[in-house]
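Below, subunit A partners subunit B and then partners subunit C, in two separate complexes.
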Partner chain A sequence: MLQNIFFGLSLGAVYSLIAVGFALVFNILKFSNFSHGGVMSFTAYAGYLAYIWIFDGKVTGVTMFVAVVLTAAVVGSLTAVGIERVGFRRLRSNQAPVIYYFISSITLGILLENIITIFASSNFYSYPVFFSSKNVDLLGTSFSVADFVTLLFSTAALGALLFVLYRTKLGLAVRTVSFDVNTATLMGIDPNRVVMATFALSGALGGISGVFLGMNYSLYPQLGQLVVKGFIASVIGGLGSITGAVIGALLLGIIEVGLIGLVGSGWMPACVFVIMLVFLLVRPRGIAGVIVQEKA
Partner chain B sequence: MDYIYSILTLTGITMIGVMGTYMVTGLTGQFSFGQAAFMAVGGYVSAMLTLRFNLPFPVVVLAGSVAATLTGLLVGMPTIRLRRDYISLVTFGFGEAIISVLNNSAQLTGGAEGLVGIPKRVDLLLVAVSVICCLFLVACYKNSKFGRQCLALRTDELAARSMGIDVNRMKLVTFLFASAITGYAGVLYAFYSQYLEPGYYNWTVSAEWLIIVFVGGINSLTGAMVSSVILTGLPELLRFASAWRILIYCIIVLLIINYRPNGIFGDWEISRLWKKRRAVLGGRA
Partner chain C sequence: MNSSIATPSTRGLLEVSGLCKAFGGVKAVDGFSFDAKPGEIVGIIGPNGAGKTTVFNLVTGVYTPDSGSVRLDGVELSGWRQDVIAREGIGRTFQNIRLFKGLSVLENVMTASDPYAPYNFLSAILSMPAKRAADRQATGQAREYLDLVGLGGMEEARPESLPYGLQRKLELARALAIRPKVILLDEPAAGLNPSEVREFIDLVRRLHERFNFTIVFIEHRMEVVMNLSHKLFVLSFGKLLASGEPEMVRRDPAVIEAYIGDEE
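And now, the complex of A and B:
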């Protein structure tokens, strides 16, 4: 029981990275960034390539893991900034309606997925085993090291993000722009730089979650479609709320593990979907309860 | 010749699917990433009714469309009153859920190996007639009171609401109509290809339809139809590798979105040709 909850938490931690990366961009541009999935699969491959080309044989174990995750995070930020440049910069300067952001983000997501399919073919690759399958004994139950590290690392990444958002000048700028772009501009904030920074942060989170997903599942071009878990988590938690996203993701992780035990992994996605529908019927605002108004 | 027939038929079926997407996106400004899942519902329900109960084809067609509409109701009811993002996210999740259900009820649906042995009931003629009928219905809907209300609410929901338009009801009605049409496309596909597999109804199919609508111009039904012919028919004929084809689509879309945001056709409709001519003739008389 305890073991299952722990497994659920570690799964939820990965989902929370996805959901938060998604919520960051939602907060600032007020649209759902569907290219996040593309960034995730892209970085998962980047991490794998970094492992094969650079780190293999030089470092091992935890050092290797940290190196791969950091590489993926950097690649993720760069990709996301590139996406912003190609897909959204011009739209923002044209003040295009939200629909165009949507289409642009979907297109970029599909584009990334197909670039991977073309260059890496749709084969499955598997990530190296970073941690021996040892278990840690705690409170009479045993936990796997990989889950433990996942949980630890995700918490650290989220903590770093919260620090940047709430304790630094850049974070203040991000929050200001997400509140009101025009006022922020009048106060001397350059919205282009802030949006770029937000995309970089979200891309870094996407990169880290990409590696975790690659470790948990195998590596294939459609890996990014697991971004749907992040969407569900943010729907449960409340769109655009970062705390909500984290809570929703952890809940989702635990629910999923519970459902796998109850109905099996095949029916789990359908059950989760029904739970989400019920949730939307009962409390459409999500747990955090923030209502994000659509701009008229 | 068979090859060309099959491309034409598949293009026709895609056109019907694109009409569904056009209604959801072009008329009400919602984004559905699970439109292909309605096609799956229509296709699987009709095929299973035929295989298990041997019902006649017209009944099965009706049943497939009705089933798709009912699923549309299930998905649309909780989400349509919320902001636009929810319908995209929920339909996305819906697509994944449908695929997982199809994959995991192997005794009923054949699972990942697919459903085989569906009799062939659909040929090019039927598809062509269906395309024309659906096109007629959608065009009428667009020009009717409902269609104009939809366009109003897409442009400015608040203004539409204050003019007395029941925004949520209009969105739901349009969404259901679109689900029915897409379900019908699914039935056609099932009885044309004689084989169904869950992997075909991926969200990328829905996204591809959205892209098609967008390339043609979000305000123009003519544009959506022309671009679905160009973007599905031509590459098949020219035998592009599929990954490259989608890559090229994406680049086209990015160019269009950045430099010509109204799509190729803008809000031009082919019906303007004869409307204008009539106006000119009327002016002379």
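And now, the complex of A and C:
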């Protein structure tokens, strides 16, 4: 039982990275950024390549893991910033309707997947094993080291993000722009810079989650479609709310693990989507209860 | 009557000339010109729908003028992005109060001081001493602005929980935080009761004495207009109807007609 909850939390922690990366962009531009999936696929591959080309044989274990994750985070930041330049900057300067952003983001996500398929084929690759399959004994039950590190590292990443958002001027600018971009600009805040920084933050989280996904599910071009999990978590938690996204994601992780035991892994995804549908119909604000108008 | 207000020097600080803006077929602003010298307090009055707020929106870059020029300290601003114009030194408040509702009172003021603490991403994350010192300074500055407008001690409150009059003061504090050369006040006394209006006039005088910036304001209340302005511009149907000393403008038959005509 305790073991399952722990496994659920560790799964939920990865989802929360996805969901928060998703929520950051939603907050600023008010659309669901599905190109985030493309970023995750891309960074999962980038982490893998960094492993083969650079780090293999030089470092091992936790050091290797941290090196790969940081590489993926940097690549994710750059990719997301690039996506914003290519896919959204022009839409913003034309003040295009939000539905255009939405379509552009889906297009970019699929485009990235296709580019990956060209260069890496649609084969599955197995991610390097960073941690021995040893277990840690705690409170009378044993936990896998991988789950433990996942939980730890996700928490650290979220902590860093919250620090940036609530303790720095950049974070204040991000929050300001997400409330009212027009007034913010009249107060001298450069919206382009803030949007770029937001994408960089979101991309870094996407990069970290990309590596975790690769570790959990092996590597393939459509890996990033697991962005849907982040989306579900966002809906459950409340679209656009960072805390909501985290709570929703942790719940989703525990629910999924619980459902696997209850109805089996075949039925689990279907049940999860039913839960999401119920939330959309009954409580579209999500758990956090922030009223955000989803425009696309 | 303006004895308590520092006398302005002669060079134009904000010079707006031949400003035009049409929305569809409607010429909202049609060749309007006005200017303000350093330290001068200038009022823009006119009947409802005359295009006063549009003028502010053109000056601050919310709209791009169809033609005409906006010069601040000799630099042409028209066509620039609004955040750049703001950083050049034009601060403003809004007719319908526009505060950031999810932020605290203090944070509302700090958003505007943002451009003056250039953040480096890495040093922000690592929380370098330089960054922390800059933050402390920005916070201290913001508190000072809040004290100045009489909002000291309310730093952590939510703006939407403040009474209307205090919300107007908070907008003023936020406008101060960008350290403007020119501050534009859009109907700053709207919705204030008579005692709040008197207090507001005093506050503007005090701030003007302290910072000696140029103030351009739109206002309907004659009490505010006659008490504060060195110079008045009257806008009617997008055009300049009259300008000059407040007492003179008030007696101008064309102005009286425009106002009375408006009321009929």
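Observations on the model:
As a working rule, the second predicted complex is superposed on the first by the 293 of 296 C-alpha atoms of A that agree within 3 Å, B and C clash if a C-alpha of one lies under 4 Å from a C-alpha of the other, contacts with A are read in each partner's own complex, and residues count from 1 in each chain.
As a working rule, a residue touches a chain if its C-beta (ideal position, glycine included) is under 8 Å from a C-beta of that chain, and two chains touch if they have at least 3 such contacts.
Computed from a predicted model, the values in this text were never measured in an experiment.
In the superposition on chain A, contact is made by A:S32 with subunit B only, not with subunit C. In the superposed model, A:T168 makes contact with subunit C only, not with subunit B.
Of the two partner chains, subunit C is the only one touched by A:A160; subunit B is not.
By the touch criterion defined above, A:M40 lies against neither subunit B nor subunit C after alignment on the C-alpha atoms of chain A. In the superposition on chain A, A:A197 makes contact with subunit C only, not with subunit B.
Residue contacts after overlaying the shared chain place A:T176 against subunit C, while subunit B stays out of touching range. When the two complexes are overlaid on their common chain A, residue A:G188 makes contact with subunit C while staying clear of subunit B.
Once the two complexes are overlaid on the shared chain, A:A288 sits clear of subunit B and of subunit C alike.
The interface of subunit A with subunit B does not overlap its interface with subunit C at any residue.
Against subunit A, in their complex, subunit B makes its touches with residues 25, 29, 31, 33, 74-75, 77-79, 81-86, 88-90, 92-94, 96-98, 100-101, 103-104, 156-159, 203-204, 207, 210-211, 214, 218, 243-244, 246-247, 250-251, 253-254, 257-258, 261. The residues of subunit A lying in touch with subunit B in their complex are 26, 31-32, 34, 86-87, 90-91, 94, 96, 98-100, 102-104, 106-108, 110-111, 113-115, 117-118, 225, 228, 231-232, 234-235, 239, 264, 266-270, 272-274, 276-277, 280-281, 284, 292-294, 296. Considering their complex, residues 160, 163-164, 167-170, 172-173, 175-176, 179-180, 182-191, 197, 200 of subunit A touch subunit C. Interface residues of subunit C, counted against subunit A in their complex, comprise 60, 62, 81-84, 86-87, 91-92, 94, 98, 100-103, 107, 110-112, 114-115, 117, 119, 121, 124-125, 127, 131, 135, 138, 174, 177-178.
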